[in-house]
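The letters A, B and C name the chains in turn, as written, and every chain counts its residues from 1.
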Amino acid sequence: TYNPIFDEDLSWDDATWILTSSFIILTMQTGFGLLESGCVSLKNEVNIMMKNVVDIVFGGLTYWLFGFGLSFGKDYSNPFIAFGWFALDANIQVMGPIFSTFLFQLSFATTATTIVSGAMAERCNFRAYCLFSLVNTVVYCIPAGWIWGSHGFLKHLGAIDIGGSGAVHLIGGSSALVAAWMLGPRLGRYENGTDPLPMGSPTNALLGLFMLWWGWLAFSSGSVFGVSGHKWKYSARASVTTINASFGGGFMGLVYSYVRTKGKFDILDLISGVLGSLVSVTGGCALFKPWEAVVIGFIGGAFACFGIPFFDWLRIDDPVGAISVHGLAAFWGVLAIGLFADGENLLNLTKGNSGLFKGGGFYLLGVQFLAAICFATWSITVTFCLLWSINKFIPIRMEAHEELLGADLVEHGIRRPGVGVSRALSALGSH
Amino acid sequence: TYNPIFDEDLSWDDATWILTSSFIILTMQTGFGLLESGCVSLKNEVNIMMKNVVDIVFGGLTYWLFGFGLSFGKDYSNPFIAFGWFALDANIQVMGPIFSTFLFQLSFATTATTIVSGAMAERCNFRAYCLFSLVNTVVYCIPAGWIWGSHGFLKHLGAIDIGGSGAVHLIGGSSALVAAWMLGPRLGRYENGTDPLPMGSPTNALLGLFMLWWGWLAFSSGSVFGVSGHKWKYSARASVTTINASFGGGFMGLVYSYVRTKGKFDILDLISGVLGSLVSVTGGCALFKPWEAVVIGFIGGAFACFGIPFFDWLRIDDPVGAISVHGLAAFWGVLAIGLFADGENLLNLTKGNSGLFKGGGFYLLGVQFLAAICFATWSITVTFCLLWSINKFIPIRMEAHEELLGADLVEHGIRRPGVGVSRALSALGSH
Amino acid sequence: TYNPIFDEDLSWDDATWILTSSFIILTMQTGFGLLESGCVSLKNEVNIMMKNVVDIVFGGLTYWLFGFGLSFGKDYSNPFIAFGWFALDANIQVMGPIFSTFLFQLSFATTATTIVSGAMAERCNFRAYCLFSLVNTVVYCIPAGWIWGSHGFLKHLGAIDIGGSGAVHLIGGSSALVAAWMLGPRLGRYENGTDPLPMGSPTNALLGLFMLWWGWLAFSSGSVFGVSGHKWKYSARASVTTINASFGGGFMGLVYSYVRTKGKFDILDLISGVLGSLVSVTGGCALFKPWEAVVIGFIGGAFACFGIPFFDWLRIDDPVGAISVHGLAAFWGVLAIGLFADGENLLNLTKGNSGLFKGGGFYLLGVQFLAAICFATWSITVTFCLLWSINKFIPIRMEAHEELLGADLVEHGIRRPGVGVSRALSALGSH
């Protein structure tokens, strides 16, 4: 999101773009829900969707209460945090830009939160997760202020993250890493090696990929934050680089899968390749050339694809691959800006800096590296503290028998024929 | 929908907003289809989707033929009805605003119709339903003219209903009440008490919730009917109040479910809480403060959640909770405008009136109460007359053996393994 | 798509419309995926979705590499082909219109490609399909230049195809005809007559219909290519005629099904009726009156409905009806412009010509007929050559045992309980 908030010149054309983008970005929640519920086993399919609902309800509520204010508030700020606009309201004269921006930022905040839910799937207690949703906002909103708030130290250094490779995906992916590690693997996950478990519903997972794919066009191009003046040109470029990156990432996924499985095309490999490419391109979407986007997406897809077996080798169990897709590919995406960003521009998006490959030297690359380190360190530290504290009140890990029965039955009272729950229930009853 | 039709100043920026909103609102049909088919038993899953298709085909056709004309026609009007624009056409000079408005209103009309299909699920004859779809337009289009047509008596009194809490949802919910009551409960519905029956596909129901949720942002903010001048500021506010209300309603649903089920989180409770909040906020979406929206949504969610067991206690069988979610929550939503509406504004949306809590006294509240009574009474009366008449030609209730076999098999020839239809067919064959 | 590329006056309002339309049109890929995967048997449900993914990845990549350039390139052109803009890039001064147009055209190109995948379902080798996706771009991009490129001979003759009835759907449908004929019918397809096989997931197929339906509004109205000046009026009309056509087509589908099945309402008949109507109206969407659109859609629906048993009678096996829905209905749609197109206009869309029924004589009808013949002939010839060549490298037909096992297992390693694959595997193993 390029434009500092409350640019007085935000026009209704810009607002149309921003609001419409927000509406489309929110459809990505449907995509995440479908993808995650398609990846997990059938006995947890509904539970993961419910976690996505809770992410909006609780995550949205707290973002309105304090998240937006900690990112962009105007009452007080230092380079690391802002205050103000708690329980956001605005008078009718100025509500246009404030409310448009809030909705857009909200759609980003809920995305960052939802990323984590996938990595916690199939073994996280639902009430503990609700509590985490309430406080998780703080993981996202503080570093979003660093890079997008007018007070932020990363912004002052010239760091760039237009569509949130760093502030959304690297934050979410790092958070996912800590959460997956703290929860430990699902029962029996690695008893027969580290091969991926079968997906409950591959069709739903692919549907989720589709919805995320198209939504991402708004995620990237909406981040240019308007269409007036020269902005529409960058919005158009951001759309093209986003879709182009996915060609590279999808190609990577197909090749990776063909080699890995000796001739088959695995669903999750293709999904990871495409999503990894989208994660990696979105940060600098408006600053790349179309062919560079293909390359960046190809490499981003590789990070996602190769990362998944790596974390399984570490016995960090991430049922949907969120750490690799959002974390690793985002790390690459933040750095790619420092390599490829084009300094010449009409909007001063890069403040005169250029990437290493464009003759800008190492300054921008260094700043981007610093930003990535800051995002990851913050997210890992704070997520650990939050989950550690929550675990004192409500154990974050489900009990073993609940996990075996599945969260759909245990948390939501859903009996599904053919999933073997009835038999498992009898077996447990006889103890 | 704020703007009287054929404001000569409707710009292409406004048209972009209105048309894009219409496209998004139509995606709510997908949401209703998913939600309803997820709630019913598997043997009726396809049938309810087909009813949603028919709602568009027949409901849309009649809305074009006479519905739009009875709401907004310019040939003749009195405070209760308008005539003109039947089989709508327009010459190229004036077609811009006329066609934009028609498409937007059409998306509202089909929503009102679709609400009823859920309450009639699993026992309504398909041909009777087709006939009802053809004439149902009249239930919606007359009262829409009362509140939105320049001739309408409710409009003249100053009643407000920006996004259709009354004209869409209260109308639809009241219609649903009559339809569910006239059809009677499903066979065996209350033989083991009034607990909800299991949902056929909770995942699909949650997907439907998601699609309705994001579509609702366009439903509310599109109703401001443009972005030019000051309109975009109200469109932005309408978006924020809509999403904020859902935080309140979702929170209500979670708490309600936790208490009711002693520690579980029921899918339908959460869905009802969120949808009830959206129904209740949409009427006054552009006139509330964000915190008020949370409160209004919380209460709207409560109406939806508590209404469902109430109607079951009355033995009125509403498989998806349409009466409570759309009827009760909408009644509250229409009144909430009379309590919370903010009189100060730039668009004269309230004609100088304010809600009770904003120092406007009881006038607006009274008018809103009158509007709610008029909507409900009209809808109940006309729906009764229509279904009573249709029942003379084609019995609206399926025959008992058809209902047991399920409408998917009987009406659409679909055999589904594992739903027990084959066995039921053999049993029937042996009689 | 009305506007020749690189109209210097393309404004940011137009770009907003074009980009937003592109985003919505891409959601039609989700619709095609759902519809196709709902129509095929369960053992191929994932495979067909994967083919839709590959259509984007490979089809999009080649469209960027050379497809767009062969349609609209500026380096060299004759009336049949253009060159230039290979591996498209643009400098920041002119990138606005170029990138907006590219993304819009890309969304059309991927639609044309995806149409074919349905007709090849359940028996096409996945690697052969990937290869076909890479080269299929050439089938679409050359004739798109004939009708939309400033060099195109059909454009010079005055042929009209605003939303791509001809250039997208007739091309795709003709391609589907050749592909289905070359692959031959599925094993055992016609052993028990020509009745349609049961659909794997009718609910998903109906969901796909819904997503295509709403997406089509952007497909048609986006093709007016802007909103500034008088364009918004035609965008609004295109939306209304599109939805109105679907009322006619849906009505046709219901009546056809009722008669054919003696009282039942078949899912695929209704889907074909609605989609056939949308295919037929989209070419002249901005030029018809609303009532004409109902008639055109009714007839388009009839072509789609009656075509399906006709091709089955010819033993050309088209699992989703793509040849009839996209090919036949499109042929009618291209001709309908020559009958109904309204000459009077503000944008000079018809260059002064009118349809036969509007007093324009036979000129436009003749030109439209010529266009249809050119599109179909080209698509049939080139698709044949491509598939014939691919077949030399990788046999396009799956091997018999693979087809019996299903592509989900064979190509993607998915074992699905209850689809009978395990038993089939054992049977094969014992040979």
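What we mean here is this: a residue touches a chain if its C-beta (ideal position, glycine included) is under 8 Å from a C-beta of that chain, and two chains touch if they have at least 3 such contacts.
Quick caveat, the model's predicted, so the values are computed rather than measured.
Peer 1: Compare the two sides of the subunit A and subunit B interface and say whether they are made mostly of the same residue numbers, over half shared, or of different ones.
Peer 2: Subunit A vs subunit B: different; shared/all numbers falls short of half.
Peer 1: What angle of turn lays subunit A on top of subunit C when you fit their CA atoms, given in steps of 5 degrees?
Peer 2: Roughly 120 degrees of rotation.
Peer 1: In whole angstrom, what separates the CA-based centres of subunit A and subunit B?
Peer 2: 33
Peer 1: Among all residues of subunit B, which ones touch two or more of the remaining chains?
Peer 2: Those would be 13, 16, 20, 418.
Peer 1: Give the list of subunit C residues in touch with subunit A in this complex.
Peer 2: Residue positions touching the partner: 12-13, 15-16, 19-20, 22-23, 26-27, 29-30, 33-34, 37, 45-46, 49-50, 52-54, 56-58, 60-61, 64, 87-89, 92, 95-100, 102-103, 106, 126, 130, 204, 408, 411-415, 417-418.
Peer 1: Going by the contact rule at the top, pick out the subunit A residues touching subunit C in the complex.
Peer 2: Interface residues on subunit A, with respect to subunit C: 13, 16-17, 20, 24, 198-199, 202-203, 206-207, 209-211, 213-214, 217-218, 221, 227-229, 231-233, 235-237, 239-240, 243-244, 246-247, 250-251, 254, 261, 264-267, 270, 274, 289-291, 294, 344-346, 418.
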